[in-house]
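My questions will all concern the structure given below.
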Amino acid sequence: MKFEDLPVDATRAGAVLLVLAVAFLFSPLFVRPPAATLVLFEVGVLFLLYALVLVGLNLQFGHTGLVNFGPVAFFAVGGYVAAIVTANDPYGAVGLGLPWPVGLAAGVVVAVVLGALIGASTLRLRDDFLAIVTLAVAEIVHGLIVTVRDVTGGSNGLQNVPRPIAATTGGGGAGELFATVLVFGALAVLFYGLFHRLSASPYGRVLRAIRADEQVTETLGKRVFRYKFVVFVYGAAVAGLAGALLVFYNGAAAPGFFTINVTVIVWIGMLIGGAGNDRGVLGGLAIIMGFQLATRFLNEQLPVITPDQFASVRLMLIGLLLMVIIKYRPEGIWGDADELGVES
Amino acid sequence: MTLLAVEGLRRSFGSLVAVDSVSFEVERGEVVGMIGPNGAGKTTTFNCVSGVLPSDAGTVTFEGADVTEAPPYDLARRGLVRTFQQTRELETLTVTDNMLLPTPDHPGERAWHAVGRTAASEQREQEARERAMDLLGTFDLRGMVEEYAASLSGGQRKLLELARALMLDPSLLLLDEPFAGVNPTLTAEIVEHIEALNADGLTLLIIEHELETLTDLVDRLIVLADGRVLATGTPEAIMENEEVIDAYLGG
Amino acid sequence: MALPLAQEIIFGLVIGSYIALGAIGFTLVYGLVNMINFAHGEFVTIGAYVGFLSIQIAGLPLPVALVVTFFGTAVIGWAIARVTFEPMNDAGAVPLLLMSIGLGLVLRNLIRLVAGAGGRDVQVGVATYRFEDLGFFVTSQQLFIVGVTLLVVLVLHLFLSRTMLGIAMRATAGNEDLALVSGIDTRRVRNVVWLAAAGLAGVAGILLAVAQEASATVGFGQLLLMITAAILGGAGSPYGAVAGSYLLGIGIAVSVAFLPAGVTAFGSTMAFVVLILVLLVRPGGLVNAEVRTT
């Protein structure tokens, strides 16, 4: 089973959607979805942000073979920097109170700088060691967020971050959610389109060659390290952007938004969908997030199990799913076994 | 005119000196063979010359420029291209993509051109594709263009690796045991390809551990033993060289 | 008043002992099975609960419980590895690593589900020996932990250097293909590695249970420390792992005591900084193992 090629180019569609979404924001119009569907919109917002992170991760791992186990580090840095730059008098934390576009740019820039530093210093390590380093970086970022309380607000987080979409749209909470999904959706489509153009071009061919055999690729005249570095930085940038969008949606930054669970969910989504298949990975993300949503409802129906036990069961199932996929369908649902060099 | 000059090359792995003050030259237009028993340092010499391994000492000069420190991608772009002893196809790429990958100066390999889908990129891709199809025709691989390289036979891999190297328009081709594990029919075919390429002006340096295969093909032989150059000369002279006979028969 | 250096070094030796017992197994698996096992922390956790059961429920004395835990965890860990990792031994480093992450999630949450989210105390008698003149004290528990670890390292050394199997293991770590053609049964070697790795992790687990408590995340909490110690010592080298562990343990204890509170608040975060610095400055660790791409 494969996704059929869509008749429209995603990059153009994303750009057009973004213009329409912004126009909608500034128009007096609003759409207030029915209350019963709001939970879908809430999960939808997270899905679109995780999709942005995944688009970068898929370029890194799916196409280039870089085992980045710390995408959440860039997501968190983008979010916290954006929050610190823009927050107005957050209680017990630093807030510069600058306009949100400055915060957005700062979040992306700092994520890029972090990506460049880590990339420059660690991309010469072997695959599995890159995994450890990126995981450690994510732990360090998380540790810093929790311990540098005077700046980040520690476990309480950082409040009073501007919410630009909420500020421009009408219709209350439901209207805001709808507008947010519209804007984030446009951005997700746009970045999916941009990254897909990269991966589907001669540029992407070099990336897949690097995944297959770095040394051969180098002896065929390609600057392998530079490609790995740039791809790592692109992933960091788009994850930083997603993190900034998250804090502008929530009006706050808190450690709970940026846990290792983000890494687990995007990785499993990528593996379910099929690493390297740009659309497939998003399908995989939808499946895993749909599973989480479905089990949340299930828990409400089964009061005999405590939420804590239920959380354990859910994580067990996610772990089991990961094991089954790796063992029985390493190319995922929509991935290409030949292209990934796996046998199922 | 000297195309490649290697002077005092040395490389050790821990206490093992794999290559010890190796010096030799390759003239433009020559076909030179490099022979020696297993462990003589042939592949290590290749690795150092092609930039895959850093050398401990010595210089490598290619087309008059000092390329001792040059990384592999730079050497490939300058026209010094190598193959590997165990063929290393990019198995998860198709035969066509294996061929298109080396295309020099491809604008589409830069992010802006890739995202913008520029005309320059499309045009270069088209040219490269035509050249690739020509070469695949020459090497009897036209029927395999859409296959993944993983599905090729051992002989087809040897041919693809040779064809792929030619996409870089090399002036010097280093072949690491192109006849290893190849049946006599294919050996003859590869010999023909090498002769045709040489007739077109390509210079070749070929590693082989059996002397017989090379005697008719090469202009000159370099004999390595224990990491040192034992002798150089025409195949006829080498076959009468006492030291070489000792190294091969007595060693 | 800050405790004197001698006291900190005792604490560091204890911390280093837990890490070492885990890191040896981690590094053996890395060197001989060619995988980074992110579920290794769960072997430690299993050991903690086997220890809890043998002491608190079965009422065994600590030395007996220690032996039971070693063998019990060894068999459990080996069986788990046989089912999960062995069938995909040829799949490569990244799939194995992903498999171990999945396995870790399953085991950790299974244990949490069965044993509950809270920790379980393990009661053993503790005597404290004070050296007032020198200004430090040491408990019988600390002596026991360090003593057991040193004994384990000694036995491991004798095994690796004096037995055919141990020598075969070292040969396999050097080059698996070469070991295979020289007649070493690499499958048998891998079996022994899993038994030893899980058993030693189990010992770390029971010691942690005795000194702290048995909980579902006790091993996972040690994982990055064990990995750091293994890399610090040179991935794949058991002796390096032991050295790396004690270096790390003493480093943690001393820095907690002597660095300003603002820095030590980062706690184990500092260990990860050390990990990254090691990989950047000397990626091969103390014994200079090869971890870069060519």
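A few comments on the model shown:
Residue numbering begins at 1 within each chain, and the chains themselves are lettered A, B and C in the order written.
One rule holds in what follows: a residue touches a chain if its C-beta (ideal position, glycine included) is under 8 Å from a C-beta of that chain, and two chains touch if they have at least 3 such contacts.
From a predicted model like this one, the values you see are computed outputs, not experimental measurements.
Chains touching both chain A and chain C: none. Centrality annotation: A (chain centre taken as mean Cα position, compared with the mean over all protein Cα atoms). Chain centre most remote from that of chain C: B (centre = mean of CA atoms). Between the CA-based centres of chain A and chain C the separation comes to 33 Å, rounded to the whole angstrom. Separating the centre of chain A from that of chain B, both taken as means of CA atoms, is a distance of 43 Å.
Here the spacing of chain B and chain C, counted between their Cα centres, is 47 Å. Within chain C, residues 294 each touch two or more of the remaining chains. Residue positions 52 of chain B are each in touch with at least two other chains. Taken residue by residue, chain A touches two or more other chains at 215, whereas all remaining positions touch fewer. Residues 35-36, 84, 87-88, 91, 93-95, 97-99, 101-106, 108-110, 112-113, 117, 224, 227-228, 231, 235, 265-269, 272-273, 275-276, 279-280, 283, 291-294 of chain C touch chain A in their complex. Remark: chain B residues 50, 52, 71-73, 75-77, 81-82, 84, 88, 90-93, 97, 100-104, 106, 108-111, 113-115, 117, 121, 125, 148, 150, 164, 168 touch chain A in the complex. Within the complex formed with chain B, the residues of chain A that make contact are 11, 194, 197-198, 201-206, 208-209, 211-213, 215-224, 230, 338-341. The touching residues of chain A, when paired with chain C in their complex, are 65, 67, 121-122, 124-129, 131-133, 135-137, 139-140, 143-144, 147, 214-215, 264, 267, 271, 308-309, 312-313, 315-316, 318-323, 326-327, 330, 342.
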